[in-house]
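Letters A, B, C and D mark the chains as written, and numbering starts fresh at 1 in each.
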Amino acid sequence: MSGSTFGNIFKITTWGESHGPGVGVVVDGCPAGLRLDEADVQAFLDRRKPGASRYATQRKESDSVEILSGLFEGRTTGTPISMLVRNTSQRSSDYSDIASYYRPGHADYTFDQKYGFRDYRGGGRSSGRETIGRVAAGAIASRLLAELGITVTAYTQAIGGIEIPDAERPLEKLDIEESRSNPTGMPDRATSLKAEAYLKLCMENLDSAGGIVACRISNMPAGIGEPVFDKLDADLARAVLSIGAVKAFEIGDGVKASSANGSANNDSFRMRDNKVTKATNHAGGILGGISDGSEIVLRAHFKPTPSIFQKQDTVNKNGEDITVQIKGRHDPVIVPRAVVVVESMTAITILDLLLQNMTSQVDRIKEFYSDN
Amino acid sequence: MSGSTFGNIFKITTWGESHGPGVGVVVDGCPAGLRLDEADVQAFLDRRKPGASRYATQRKESDSVEILSGLFEGRTTGTPISMLVRNTSQRSSDYSDIASYYRPGHADYTFDQKYGFRDYRGGGRSSGRETIGRVAAGAIASRLLAELGITVTAYTQAIGGIEIPDAERPLEKLDIEESRSNPTGMPDRATSLKAEAYLKLCMENLDSAGGIVACRISNMPAGIGEPVFDKLDADLARAVLSIGAVKAFEIGDGVKASSANGSANNDSFRMRDNKVTKATNHAGGILGGISDGSEIVLRAHFKPTPSIFQKQDTVNKNGEDITVQIKGRHDPVIVPRAVVVVESMTAITILDLLLQNMTSQVDRIKEFYSDN
Amino acid sequence: MSGSTFGNIFKITTWGESHGPGVGVVVDGCPAGLRLDEADVQAFLDRRKPGASRYATQRKESDSVEILSGLFEGRTTGTPISMLVRNTSQRSSDYSDIASYYRPGHADYTFDQKYGFRDYRGGGRSSGRETIGRVAAGAIASRLLAELGITVTAYTQAIGGIEIPDAERPLEKLDIEESRSNPTGMPDRATSLKAEAYLKLCMENLDSAGGIVACRISNMPAGIGEPVFDKLDADLARAVLSIGAVKAFEIGDGVKASSANGSANNDSFRMRDNKVTKATNHAGGILGGISDGSEIVLRAHFKPTPSIFQKQDTVNKNGEDITVQIKGRHDPVIVPRAVVVVESMTAITILDLLLQNMTSQVDRIKEFYSDN
Amino acid sequence: MSGSTFGNIFKITTWGESHGPGVGVVVDGCPAGLRLDEADVQAFLDRRKPGASRYATQRKESDSVEILSGLFEGRTTGTPISMLVRNTSQRSSDYSDIASYYRPGHADYTFDQKYGFRDYRGGGRSSGRETIGRVAAGAIASRLLAELGITVTAYTQAIGGIEIPDAERPLEKLDIEESRSNPTGMPDRATSLKAEAYLKLCMENLDSAGGIVACRISNMPAGIGEPVFDKLDADLARAVLSIGAVKAFEIGDGVKASSANGSANNDSFRMRDNKVTKATNHAGGILGGISDGSEIVLRAHFKPTPSIFQKQDTVNKNGEDITVQIKGRHDPVIVPRAVVVVESMTAITILDLLLQNMTSQVDRIKEFYSDN
């Protein structure tokens, strides 16, 4: 079936494999009149580009985006925006040996089981390159959210268990600028250096690490999210888990909430500046699947990169137990490059729900069409 | 917008509020020829019925299901199955005071923000009674999965931090029968008694507790899940987070995976009985969003019941800070009753993806239609 | 698969068979705050009720609707509206003989082929009673459209080739009140009498007739319809063809357009009262799949009722050629009762597209959320 | 909203405008293992290419397709197939004058009303070039249908009222080969010559013509179509009406059915070669929205090309009545080039419903997974 489309109103369809001609996305349902050019999208793509640091694969892709439709005189026209990034560095030979066996922790076996065969030249559709389409679409969603005054900010919270201190501090207390320039994506230089030392060790051990990406949504209006299956947190969970290697999703206090008491977990409402606010934010900005107007806070837990250079047990396509040693170029950690992917999927999800919410009340629909 | 429909092929639409005439569900896309009667569905509903234990609300609902369509001579006909459960115990007066203020931890405020007003007689659509429709549909999905040899088993793993020992032991080492009869839903009597003592303490403190529901899928075929946005784990995450009060979702090792190394987290493939198997199952049965043929393991983290009887700060609809004390009947923990809801949403999700998977390969489609 | 759901934002799911406990619909995505009660819906249902005239089946169903959810204090709450109509007149015995063979012109054979068996007590899901859910939903859509100043009016244009004169005259020149009270649904008394005489003849001949239902949408705003697959006319065509027995759909000049010249078919634009208008309306109010602000005009062509009392050739389930004579109660023409079904499906379709259109322009979205 | 996606399982998303960098489509949900290369798709595209005859615009586009993903070693992989056709002949200057006014019969006014502005360099998204994506996808659908033994054949039935004689004769009595090589697309040389003479006259009169495209589906299995809203004929109607310029859709006897009697319109069932068949086919191969195993016959009525070279009344963007004379290159009839578009949309629709039908019966699902 068709699983490459995401969203109801702001709808994206990604396509492409790691070793085909290219990857891309069609963004349908983007409202007309948004100022946009390729540089806006390129800026997002550059944040996930390989080769940016020593902890990322040295594959050199320029990852230059071409916008093929949906723009006219610098604005979106309301019609589908098709974006293409050519694959320019296809060293298939690196991968030729993996055709014959199933790499542990990878989707080789499951793709073969599902489709009867697979493009064995690399990760194919399960490659990290698939996320290029998501990020290109996320750049557009973020541009539109910015017009509404909403910002989405993701960063690395932890790598291999090394976590930034006081992880729940307010966003303005985090050094987001630092996170955009260091190789870990952590908004805290001291922790980043520790994490880098840890990653160096991982590489020496021919091993890899996982980590946590946190994401905050600021200035979110209340009322967004559609009961009962398109709850804001439910749709965010799907969006985030659809990113390869994510094994857990938390909103607000997340797993900690399951061992707390109601008296501690409930957030009191209080008036502040004539507005209903919450004294605390254990809920992470969502009540009953609908945004409550406070900051939305989510976390994605990534497993360690499955491609490690140690010897590993596996089976080959002849059904024999074998031992393999993977070659090629692989990040010892994918978390830093995944930050912008989490940010993009979050932006796409909340934009879609913001648009869906516009039809919630008859009076506001009447007002809308009375202007017309 | 319309957020009350879930699934692509096996599609459910739930409806109903806690204090209206009833609640229910329409199940569309259920294949024809499945043996089914009301008793199959009732057995599932009885597992979530209130009043089953002292830790559940004493509201007495018979929760009797009526199947209104889609059955003929004891079998499904392939047409929509509409199911209705009347609300018979609507003590609205208990709730009348909550019309004027926003209960902390509840969706009162967010529903008002979204829709301009709400049915203030209770939880309305955000009430736990909404899950009746899910469970009725889950009963049907489970029946069909049973025909394919697949079983879904959920149980309480922890309450208020009190967790069953060796939680990752094989399913057959858990006492599932015990879990179906004790008031906590835990498959381990000793831990259940500890949790009961803890809940008693919570009630004395006018407080509440959360917990963890685990769910295992046995005998799942490999190849199920639709890259890239309808990955099996992504759809399960949405399904589970769409249940009220869930704050985190884990698949396989979940949050632990983010601090592990690749060498520890990777599951080796090994031949066993002439089949490809995994030596371990850190992945929780899913690789690249597609089932790998091993057991699928997920966990849902529930926050503590927000309705507590302690005094709480909040605001009223006039925008004044007030202090309130909630009355009525409320479970000190919702986890035991949520077990069957998690099981149902899981069953619905995997059945839908099993059906979606049938069109993955041209050769199997040709075979299907050559029989015709 | 699940084919019982229609619409993207205003989404309806119908269920029920002719000889089961009842039929109904769940309307999801209806905006909150719409004044509505059961009488609004009942009024629509009464327009399709059997037994209203001698040309309709004498089956006496009260067809009383019960609204089970989604209303509070006389207004919609934004949550799903579930509506139920019990079947009270199930004379299955009339139908028992049809279990063994396939009625010509009916869906008996195709349902058996699709599902392996069928509910043979009557039309089952292909019965005209399925449309009750559509009409109940259509009543709500029409109420909401009325709030926006939009009206949808359907009527019978022809029966058995007997057509009202000057069928394209302006709506105000048609006697819609007449059409709501006479047995043909025609807005022209003289033609209605002729058609009645014709139907009487059909009944004497143990035969049946078809006809044309026309539908006009007044005061439609320009800009509605979603290129390229959810064009307004494309969605209307699906809506109308999904009604049993419809064999053709026309918009504007329809089939006549295919033999016209461009110079005759093009509608000139002209300013009138400071507004852009069209001098003629061959297009039927839609250009490029988007409403142009003029009246929308469509026509549905219904085949004659397949249940006739003449002897007919067919085959039985043993694969033998046989001759049969159908018994029971059957309308000699379904067109008069189908009028409100066409009107309902049209109302549902345009309401859904009106809601979809609200996200077309960034500036209007910004305006919407700046009010928030 | 997003209206550029069509289909549920075999899902296509088209994109692109006439004067942007290119047009294309993403085909998602195509089963794995289908032999396919660019030549298969190119052959379809060549059938709609401009410049093929004197009755088509002289715009010279090579319309060469590039397949960007979803293929490996000559077979589909089950992942999205992205296809791109560059626009190479963008003579925007021809169109610059139309920026200031609304062309009669075109979507200029409605796009402006919907989106607030439009790409005024040509038809933009409402250009016939948008259908390139549909045809590329249709080529793939047709390839897969061929594997199942199903063929879809469209041809021109009439132009400007000049119709092939005995239009309902069996497909094998039509000269389909002729229709693929002559400039009208008519499967009857004598009529084609008459139509050509008529078109010549139209051009001399600076006028244009419409016509009828018929489409036949051979060897269709019974049981395809999803009651009640995704009836086979309903989905075909939407598919066909979504093509620009189509004003009416007929299935089987179509409009004629509305004036027929039941005794004439009903198709008797008869056993033939041990199979249930119909003695006649007034129904056009569909009963109750489900295929009955006979040939499916549909017709699309196209309005005349709106771009004519006569003087026409219209209004400009300043709201003034003006008279204009359109320049540029425009087909006097679009029907011949639309044949392959109708064929493509038909193929896509029936393939999608064939795939949807695979989950209709529990027994067949069990059989499917028991093989696994």
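Throughout what follows, a residue touches a chain if its C-beta (ideal position, glycine included) is under 8 Å from a C-beta of that chain, and two chains touch if they have at least 3 such contacts.
Predicted model only: the values in this text are computed from it and were never measured.
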item: A-D compared against B-D, more contacting pairs; value: A-D
item: Maximum centroid distance from chain A, chain identifier (CA atoms); value: C
item: Cα-centroid distance, chain A relative to chain D, in whole angstrom; value: 38
item: Mean-CA-position distance for chain B and chain A (Å); value: 26
item: Averaged-CA centre spacing for the pair chain D and chain B, given as whole angstrom; value: 44
item: Numbers and ranges of chain D residues touching at least 2 other chains; value: 1-5, 8-9, 14, 29, 32-33, 78-79, 114-116, 125, 223, 227, 355-356, 359-361, 363
item: Touch list for chain B against partner chain A, complex; value: 1-6, 8-9, 14, 102, 104-107, 109-111, 113-116, 125-126, 130, 158, 160-161, 202, 205-212, 222-231, 233-242, 244, 246-255, 257-263, 265-271, 274, 276, 279, 282-284, 286-293, 301-308, 310, 312-315, 319-321, 356-357, 359-361, 363
item: Contacting residues of chain D [partner chain B, same complex]; value: 8-9, 29, 31-34, 76, 78-79, 144, 147-148, 221, 223, 227, 354-356, 358-366, 368-369, 371-372
item: Complex contact set, residues of chain A against chain D; value: 1-5, 7-11, 13-17, 20-24, 26, 28-29, 32-33, 66-72, 75, 77-82, 84, 114-119, 121, 124-125
